[in-house]
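Below you'll find the structures, each written out as structure tokens.
Each of the next two complexes has chain A plus one other chain: chain B in the first, chain C in the second.
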Partner chain A sequence: MDAVEVKRIVKSFGSTRAVQDVSFGVRNGEILGLLGPNGAGKTTCIRVLLDIFKPDQGSVSVFGGPMTEAKKDRIGYMPEERGLYQDLALQRCLVYLATLKGLSASEARQRVGQYLQQFDLAAHRDKKVKELSKGMQQKAQLINTIAHWPDLIIIDEPFAALDPVNTQMVKDLMLDLKRDGRAIILCTHQMHHAEELCDRIVLIDRGRVVLEGALDEIRRQYAGNAVLVRVTGALPEVGGVLQETRHNHTRHWTLAEGTSPQDVLKHLVSSGAVVEQFEIALPSLEEVFIKVVGGPDPGRSPGGEAGDA
Partner chain B sequence: MPRLWLIAANEYKRHVLNRGFLFAVLSVPLLIGAMIGLIMLMERMRVNNRPVGYVDLSGSLVTQSDSTNAGPVQFVAFPSEDLAQSALEAGELQAYYILADDYEQSRKVELVFVQSPGDNASAQFYDFLRLNRLHKDARADWPLSLDLVGRRVVEGTFVTVRSADGVRVYNESYPVSFLLPFFIGLGFIVLLTSTSTTLAQAFAEEKENRTIEVLATSVSPGQLVAGKVLGISAMGLTELGAWVAAVSVLLGILSRINSWGWLAIIWVHPRTLATIVVVAVPTYVMFAGLMIALGSTVADVQESQQIGGVLSLLFTLPIYATEAMVEHSTGSLAIGLSLFPFTALVSFCLLTGFSSVPWWQVGASVMILTLCATGAIWLAGRAFRLGMLRYGKRVDWRELLGRGSRVPEPSGSPGRRGIP
Partner chain C sequence: MNKTWLVLRNGIISQVTRKSWLLVTCGLPVLLALIMLVPPLLRGNPSGASASSEPVTSPTVEGYVDQSGLITRIPDNVAGLLRPYSDEASARRAMASGEISAYYLVPADYVESGDLAYVLPDPKAFSLDGQSWVMRWVLLVNMVGGDEGLAQRLQNPVNLRVRALTPSTGPEVGEGPAYWIPYTTAMILYIIIIMSSSLLRSSLGDEKKNRVLEILMVSLSPQQILTGKVVALAVVGLLQTAIWAGTGYLLLKVAGGTINLPPASQLPVAVVLWALVFFILGYGVYASLLAGLGALTGPNVPGSSTADFVIIWPMIIPVFLMTIIIPNVNGLLAVLLSLFPPTAPVAMITRLAVGGVPWWQPVLSAVLLGVTVALVFRVVARAFRAQVLMSGQAFTSRGYFALLMGREEPDTRSDCSNVGLE
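The block that comes next holds the complex of A and B.
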């Protein structure tokens, strides 16, 4: 059973149709990437999913049925930016928000204390949230999202203000949560993070789903006729290669129409070359994204979608 | 603990456990204490209880009465100016009076002093002269006892003015009781505006820092609004309670001082108090609702403070019309202001203090206020739903009132909560 099943939702704000016929689902133990450019409708989808907005059409099923107040306790949501009381001490703020998710005060204090240690924030527990750096606030928000051990985690742009070390820590945490059987929806427009973490993606543009599926399938679907090759020693003459680019010792060959990768491999082996690496060159998710969504659209809102999309 | 109470407790602690609240709580009693202290200091500076002498060249003064001597200043008769002057220079007197030899005709009295005598000494000597004058007349054709005449001169009249319904009572012994409803009303206004503007700020702040989005995934909008109203109202009641306690303690201490004994008999008729409370409760609900609507629809905290401040000024309008309302308590201005929701509370505080207000007027005002409070709550709910996720943006009032709606009505499953 899917943790979340969104079916053909439509949501308009006045004459603006923010979301049009969007469907997706996420299973336990899976990370779903909800991707799209700014203003695509990702946040609106999430708000509909969370029952903050009612859909004009379509339906949302969470843990096998409509959203209820009790089910909200099984969900952890981290909005794109801020979301904490700026004038409260960090620990007090997190404990309060955790109690609103159904934890007792002592349980909330214990878990928040553990996470503060884990995220290197224990020394800042008594500081006001506004006195923390952006990165620290981001980590604090993540603690707020997971402190009540939710079954469904929805995270909007979690890496925005993090340095590489903390980015890796958050990625590891997400993978741990996934292994632990949690369903995770990751909203981002940073494709390399999605590529690294997501099992499946849903790409939304202008309120519509333009691409969805398992990551590998999508990359294969958008793969051109190209291979990655690395050989030791002399490289024989290979026909049917239109273009070659090199990354260290690996060559990226774009093949001519009519030349298959099998032909190239057969030729290399028969020529006596020692092949160390030979694989179909798959496009990066970013390349797929650009291919599907296209270049920058001047009509799009530059300020993101928060608040009205 | 139910989440509504968690939210209320958090709001209460957030606002009460900070320096700003402590300052607000202490400022009123400190201000009142400072004002009373200043008055007492000035009074003390004008008081001098050292003996005062007099030289009666006219021979018209009779012996001092016990009543007059009940005052703290002793009057010492001197047969000549020289002796009085010597006593003054020796520091035995603060001053002495000389009654001219034609005092009976001219009423001429001369005061001699080195430093200005105390106001109390002059007042007491004036009573002494009046007492003698009355005593002299009484001896002639009005045989009253000197003690009785003395008490009337010193203590004043015993006239009590009472309204037909017995609610309004005035006499010289407790003039403050007469004004008390007005002060109670002002206290309510301060409480109402401070808690309501705090409410507006709380909603605007959560919208500004986007906490609202996290809260919306934890609690229902109803729990959120009710919890905030409860917590911040409790804060206001704490503030009021602290003021009442501090002022009561202050008055209790002051009433033990002789000249401030009248403070012990300050009172307000229960019906007057009941009138103020029944008007104050829907006024509070109405204003709180409007402030929630304001906090949910403005772009930021600063804007909510500015608009909230202007709205609060409406409450004070009757104060500017005090004279007209008191002089014509049944006039159209007084009735009109008592029926207008924003000015009803202060109007009733003024009217119940200075006149009797008919029940129909109170009933009509409470009914209008209740209708307005209901409308304000509806508006608050709608504003909250429409505005909570519009970060940095205002909600148009036409849209809020349902005209030219930009956001369609909810179309989700019946019975489910959520934001349209």
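The block that comes next holds the complex of A and C.
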């Protein structure tokens, strides 16, 4: 059973249609990437899913039915930036928000204490949230999202303010949560993170789903006629290569129409070259994204998702 | 634990631990204490640094030397406050020994000239708001031959009561309790409601700005958020009022003053209880409306400074019409204003304070107000859901009332840009 099933939702604000006929679902033990450029409609979809906005059309099923107040306790949501009381002490803020998710005060204190240790924030527990660095606030928000051990986790740009060490820590945590059977929706426009973490993606542009499916399938679908090759020693002359680019010792060959990767491999082997690496070159998610969404659109909102709805 | 209770508790704790709230709540009584207590202390200690080596005389006991022979008796109510001396030399000795703090010299031609000398050890000790009234009272009583009743009448010769020939449904127009009690009660109610509602609006605006409301809405229903916050800030408002009133009373006691209202000026318990009911209901209506405003605009957006007034102005109407309501306490206008929910809190309290209101009217008014609270609460909760996540929009009356009428989103293109379609 899908933890979430969004079916053909439509949402307009005045005369502007923010989301049109969007459908997606996420299963337990899966990370779904909800991707799209700024202003595409990702956050509106999330807010409809969370029952903050009512859809004009379509339906949302959460844990097998419509959203209820009790089900909200099984959801962890981390909006992009902010979302914490700036004037409260860190621990007090997190404990209060955790109790709103149904934990008892003692339980909340215990779990928040553990996570503060885990995220290296224990020394800052009595500081006001506004006194923390952006990265620390980001980690604190993550603690707020998972402290009540939700079954469905929705995270909007979790890596925005994190350094590489903390980014890796958050990625590991997300993978742990996935292994633990939680359903995770990751909203981002940083494709390399989505590529690394997501099982499936839904790409939204101008309020519509323009691409969806398992990550490998999508990359294969958008793969051009190209191969990655690394050989030791002299490289024989190979026909049918339109373009070559190099990354260290690996060559990326774009092949001419009518030349298949099998032809190239056969030729290399028969020429006596020592082939160390030969594989079909799949496009990165970023390349797929650019291909599908295209270049900058002057009609698109310039400001970032920044959460504004 | 009930989530509404958690919001309520957090709302109270967050508010009362704010530096600005503590400063205002405690600063005002401290300021009042300084104003009330420091001048008398300075007067009682005129010599400054040498105070510790000299006995401080009681500032309430003074002396007099009557060379005119006018003063034959001291009225009982000031008997301990004035001591007679046969000549100035003995009065001066008494002052030097600390027996009295000052003395009056009543010259022989006092009745003709009205001149009176006030002798004190140090000019710094003189104060216009001292107790010269004691001597004035003694002289007045003695000038009318000791008749205290007549002296009192001379002090306040006119107690004006206007009586119109056409019949009135209310009490006669007069100066005094019939006017100031309703005015004071209504103004206190008005101030508490405005204070608490503004706190609520600012708190919601902050939460909207830092997107905590978005987090709260994934944990709570809009009704739970609103209920918790509205009640919390009502408690905070009442607490602040209680602290100010309590401190004021305490300071008055410490300073030696008393509040002895004549029986006609004291409010019956029933009226006080009704005042509490109408405060709670009135606060419910206006706090909810201002909460909707907080959700709609957020802090520091264009028009927000005038927005409060647009919402609150119906409550002010009865204040301006008191001169009509009070003399015609059961007139048509008074009854209508006290039954119409937006004006009812102030209008009904005014009428109840005057008296003579049929029992069913406050009951009906409270019921109507209760229904209004429920409706406004429901509408604002719905608006909360729709508006809470919009970026700060400039306030327009049209937009606000359209929102309350159930239109979720602004329908102009420019407004849509504020929606932040992500």
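To be clear about the criterion, the second predicted complex is superposed on the first by the 304 of 309 C-alpha atoms of A that agree within 3 Å, B and C clash if a C-alpha of one lies under 4 Å from a C-alpha of the other, contacts with A are read in each partner's own complex, and residues count from 1 in each chain.
To be clear about the criterion, a residue touches a chain if its C-beta (ideal position, glycine included) is under 8 Å from a C-beta of that chain, and two chains touch if they have at least 3 such contacts.
Keep in mind that what you see is a predicted model, and the values were worked out from it rather than measured.
Taken together in the superposed arrangement on chain A, chain B and chain C clash. Between chain B and chain C, C touches the greater number of residues of chain A.
Of the two partner chains placed by superposition, A:Trp253 touches none, neither chain B nor chain C.
Legend: residue contacts after superposition of the two complexes on their common chain; A:Gly14 is shown touching both chain B and chain C.
By the touch criterion defined above, A:Pro79 reaches both chain B and chain C. With both structures placed on the common chain, the touch criterion links A:Leu100 to chain B and to chain C.
Legend: residue contacts after superposition of the two complexes on their common chain; A:Arg47 is shown touching both chain B and chain C.
In the superposition on chain A, contact of A:Phe289 is made with neither chain B nor chain C.
In the superposed pair of complexes, A:Pro66 makes contact with chain B only, with no contact to chain C.
When the shared chain is aligned, chain B comes close enough to touch A:Pro55, but chain C does not. When the shared chain is aligned, chain B and chain C each come close enough to touch A:Asn144. Across the options 45-53, 99-107 or 153-161, chain C meets chain B in a clash only at 99-107, per the superposition defined above.
Within chain A, the residues touching chain B in one complex and chain C in the other are 12-14, 47, 50, 52-54, 69, 72-73, 75, 77, 79, 81-88, 96-97, 99-101, 144, 306-308. Interface residues of chain A facing chain B in the complex, by the touch rule stated above, are 12-14, 47, 50-57, 66-67, 69, 72-73, 75, 77, 79, 81-88, 96-97, 99-101, 144, 306-308.
Chain contact summary for the complex, chain B toward chain A: residues 1, 3, 6-7, 10, 14, 209-211, 213-220, 389-393, 405-408, 410-413, 416-420.
By the touch criterion stated above, chain A contacts chain C in their complex at residues 12-16, 18, 38-44, 47, 50, 52-54, 69, 72-73, 75, 77, 79, 81-88, 96-97, 99-101, 104-105, 144, 207, 301, 303, 305-309. The residues of chain C lying in touch with chain A in their complex are 1, 3, 6-7, 10, 14, 18, 207, 210-212, 214-221, 385-386, 388-391, 409-413, 415-416, 418-422.
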